[in-house]
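What follows is a single structure, written as structure tokens, with notes after it.
Chains: A, B, C, D and E, in written order; residue numbering restarts at 1 for each.
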């Protein structure tokens, strides 16, 4: 029983980070209509920048994270203005999607290369304030870092939710994603929309990156961007662009993976636990091709 | 006022061709004599090239390019023509490679069995998963393809008898067709090494595959693929069974991937599950895109550039500024050579997508045409490649478009 | 009987887009459909072409269409155009028409890959037919132009050529002249009538251009709120009270000009 | 001389050497290839290039075994990717005499068919036992199983944990499988009580499920078969779950940040690292002092590193032993290099690689030493590793060495 | 009707002050290779309804794109001339500034946000206004097009073609515009709704909103318009008071299609 609770705690804390990364994707998808993998690079860069600011330049930890988030938002926005926004209108819509996907993957390559060139390939620690501090409840030990991860993520989500539901920006985002020209015709300033979207995306990604780079999270390694791929089932389980959906999806993903690692028998073969979320996702897609989101029917003619 | 005058200046460059000399027949393989001659030259070159270059490096590199071009050729059917994005082509390459290991390596069957076996295995694997992708679009499709990579990897490492598990497996398949053995080829008294013979085999297979794909693309099946990509409902209304067409595209993509896998296995003589992961899947997609989606030559051009860059960068690192050929922990400023591949993939992608989304194939085609024009030939040169997706000038009437 | 529709009912989550619709179209007829916006006209076409799953019965020359997939219906010789165009943007005009002729060409992937002579003969014949259509529609100047770059009016013509290319017996046209001016509309009428004669087509056409519909239709179906409010000759529909109030908003005089009354309706 | 060969070949210089690919007789320049993953997660291991260059530098100095020659090392970045490595190999093979330092099991396996086809000799920087008897490969140092059997022996006998419950935590890979195999051998031989065998995917970061399993199996000593940041990740969860056990880990699981993180105390108290050789600055092994001198001579700013320098150093030394013999024989052809490799006799490890490596008269007779050193992490040590015991000789490890080689 | 054929410069003897003044505007697409407008001049006075007529491809939509600042989205650029709105030069201003200044646009081809609900489409239409104000306008629009009110939570892409057109017009009204630009609002609408929209145009015009109305269907546009321009191959060919244009026989022949005289279609006797 304790074991189950312990695994649940661990699954949730992993899951919330998946959720954060998925939210980074979802916000961009909502605001631009394109599936952009660049948040993966922001996870990576956010963690390394935190290291740079906090460990190498000795800035206060919170300040370092905030600065990293700002730099990442600026990078994202620069990418949007210089690259992504120029990919539109160059052909069929599906080719536009492919362009954005591939350019963002190209940028992840660049980010990876840059990280190794600047900081080198060794493992580092970002000297986070939590270290190994624990809260023990009965037989269950919860890392303080996990509590913060959960709390900060939920707070961030609440803010995002308010912004999207209760400011005009939300409608503007969806309008731009649906039809950029028509959105402009309504007076939507796409620069404001993309700046907001990238700020949100960067906040979520950097928070996730920082949490992953803590000692409890596994430390700072040059392949942190891989989490971007691992979080994708969360995005799909949650139904692409709904923020609460991302949270459910992320938590479900974290739990499935952790339970599988904890309980799956050896006979399931090598790598079963890390593959299981993908199988769950495939099954879901077979049953409900639109994910668990409220699916909008589309009309064919 | 005649109907044809309603769009006055729109197409000023194009005039109604004289009724006698009109319309080109796109279904023909070679539209001009020049093209026919070029085709013949290409075949001679495939046989003559390996002997004329003495560099093992060049043979190995061009062999790799051929293999990747073949896998990309398959992916191009799916992503370029049918518009379905897949990062999972590497899995079918893997299936073909391991099928090759099983048939050609472990069972020691002849080339005529194991190579078609790789093709069939790739196609079968694709047929198995094709129904999954049918109902999915856009992001869902991309993510599903990622899922296939992970599931595929799981399957590979858990079939150690065939794949060697995580550790990989060696195989030395026969390259003999009975009357000729590409492994020890002798043509006109000249002896070819294993690598040289394999080069010929790879490029002959690639050439034959390209011709087959061109034939398909320019006829009913190819048009149907593109039509389904552009407007699925409209295509169905025209009598096209979209589901069938998509499954077929998937199977063909997998089969050519498998074929490439078989040849890769013959080239490396050692394959490992890890190789057929996301990196190769991405590389193949990048090849297709950088080369030019939905173009005939795109996969070859893309492979030539993308697959050779990391290798060339390492080979010639010392001559490239800012590169660190050697690694030591504080070896000064410089980009580690191994990162160059990543950097160039990234840059190539970004540049191509922003400046010429139609890819190298189009760039080269345009350059070629202007060269020909410079050479003073007034006859209009036909497009060397089937029309790639062009810019949508007017998306006005898209609303609920089928 | 070319087309027989019986008790056709289509609902979307409680809303009935079509309710017990029934009518018949005779072979060789030019059949017009009129009705206010949202009356269910396009939905009716969607039923006929297999895009939605209604209840009821639709038969073409005695063959039931409901339950068949769109491409199977196309195989039976039913072709349609879309209100908002269903063209393949990156393909040339000729290629679009060739796709339209899909069902008349033989050969699949394998036979094409192997350059099977029969397949390629069929290809060549299809191209000749497509060329004929291009000329017939005055699209010669645009033969190899990418459809996306064409003005709206030209695209509408390509859309029609594409539908005709399949050699249908029943042709469904959804607002073919919307966005065309009077002159182009006249040309369209000429063209479509000639085509009908030459190919022995049966045509069903949705259009809001009332005078035009009245002028060329043999019979007209009037729909409102998914229900049939009248079927008959143009003369009968012209005097159908329900049609007049639903569609034109006021009782009309003898003339029925294109000019709608400017006083607001109550719908 | 640094090399002791059966014939005791004197250092008299070459007789009538002719130019071959990779050797220029006019300038007496030898070119050897080196294939390392400069990029990717294996990049830290690529620092062994420094060790390799340091030894070649020494070897070509006056008095060195290759005096009068110049050795050029062509390093290329494999990215730890066989598809990259194979063409790179082809690009090098006509320019090099042989390969020194081919890093990584997968890369060695990928190159093996090519090496065979080309009669090429390579020194692998991988301790995979399957590479031991390949005629085209010339390994040095103990294979992974020896490390782990020695460690178990040490725990049971030297640290008095004979009655503890022993478990193994190994990654899902061939490497992990080798560790598990040696674990099973050693625990049986030593008559130890075993608990659980737990596996993990090598990308795993959160070890909660694995640690829970170990804990509930009542494990007291855990044999860790992994690479990369695994110790760190396992340790934080062990602390969280209050799992008090002794851990043993091989050289592949060490990284420099272990001594400084929040889990450093746990790691320091609970984890023993098995590495060959000795600690930085220590003179228990004669080679250590010499290697430090050589590195400083080449690059005074080089940072102390555990394990990787000595791997490169030993790879170069092994390469040099072959070259020296071949030069003495006056034949640098590939075929002859293979002949030399097949009957190299012994190569002294200077205390750096588990003892003198006996190559014998044929590949089947190859045996490494099985002398291990036990370390703990300590941030005050320059490399982060502090020596606990130098040169532990395990009988079980020696037996295991024999039993594997006999297969 | 001589003034209709006068130079492209508009006369100044119209009521009200100039709200929109397009002066010698030239526009080209695709980096200059396609010229779509040349030296076009047009004014809309405060309180006027101005009709803009012309055959397919004449450049009407292009002119509207230039006024609304959306040319860039289509690879078009202003090559010369200027656009003034309410006394300020807006030739290079971004579209959102123009909208904020009171120019509202209903685009050609509906361009509704297909995956947003009807209500969200309208909300997006009121993007530049405070929420409180838009709520009232929204109810007015539901009153004008009851069918939209009934389907306010439906995804807009599920509406019928005509309903979408109503939504597009309604969305443009959400702005509370000072100048309303309508591009073929009657496309695909039943005569009754066309009449209704025209009536609505006059109504909001009476409330002080100026309108620039592009129509293919001349007979619907001219009766409500005060003034009209006719574009013909990239230039203003005629302009004058709407009533005068209606009275011009020759113009009526050309654009109203008065008689059913069949035009020869070039065709060969090749049958599919």
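Just so it is clear, a residue touches a chain if its C-beta (ideal position, glycine included) is under 8 Å from a C-beta of that chain, and two chains touch if they have at least 3 such contacts.
None of these values were measured; they are calculated from a predicted model.
Engineer: When B-D is set beside B-C, which has more C-beta pairs in contact?
Structural biologist: The greater number of contacts lies at B-C.
Engineer: Where the centre means the average of the CA atoms, what chain is farthest from chain E?
Structural biologist: The chain farthest from chain E, judged by C-alpha centres, is D.
Engineer: Could you tell me which chain lies farthest from chain C when each chain's centre is the average position of its Cα atoms?
Structural biologist: D
Engineer: How many Å are there between the centre of chain A and the centre of chain D, using C-alpha atoms for each centre?
Structural biologist: Each chain's C-alpha centroid was found; their separation is 39 Å.
Engineer: Which integer distance in Å separates the CA centroid of chain C from that of chain E?
Structural biologist: One centre to the other, that is 28 Å.
Engineer: Going by the touch rule set out above, which residues of chain A reach two or more other chains?
Structural biologist: 89, 91-92, 116, 120, 181, 270-271, 274, 299-301
Engineer: Give the residues of chain D that touch two or more other chains, as numbers and ranges in rising order.
Structural biologist: Each of 39-40, 43, 172 in chain D touches at least two other chains.
Engineer: Spell out, as numbers or ranges, the residues of chain B touching 2 or more other chains.
Structural biologist: 1-4, 6-7, 10, 157, 165-166, 230, 233, 329, 336, 339, 342, 389-394, 396-400, 402
Engineer: Within their complex, state which residues of chain D touch chain B.
Structural biologist: On the chain D side, the touching residues are 36-40, 43, 46-47, 49-50, 75-79, 81-84, 86-94, 105-106, 109-114, 117, 130, 172-174, 177, 299, 301-303, 305.
Engineer: For a test of understanding, state which residues of chain A touch chain B in their complex under the given definition.
Structural biologist: Going by the criterion above, the answer is residues 29, 35, 83, 86-87, 89-92, 94-95, 97-99, 101-103, 105-110, 112-113, 116-117, 120, 181, 229, 232-233, 235-236, 240, 269-272, 274-275, 278-279, 281-282, 285-286, 289-291, 299-301.
Engineer: In their complex, what parts of chain D are in touch with chain A?
Structural biologist: Answer in residue numbers: 39-41, 43-44, 172, 197, 199-201, 203-206, 208-210, 212-213, 216, 228-229, 232-233, 236, 239-242, 255-257, 260-263.
Engineer: Across the complex, what residues on chain A touch chain E?
Structural biologist: So the residues of chain A touching chain E come out as 89, 168, 171-172, 174-175, 178-189, 296-299.
Engineer: Provide the residue numbers of chain C that touch chain E in the complex, in ascending order.
Structural biologist: Within the complex, chain C contacts chain E at residues 12, 35-39, 41-43, 83-84, 101, 129-133, 135-138, 140, 151-153, 164-165, 167, 175, 178-187, 190-191, 198-199, 208, 210, 247-249, 258-265, 267.
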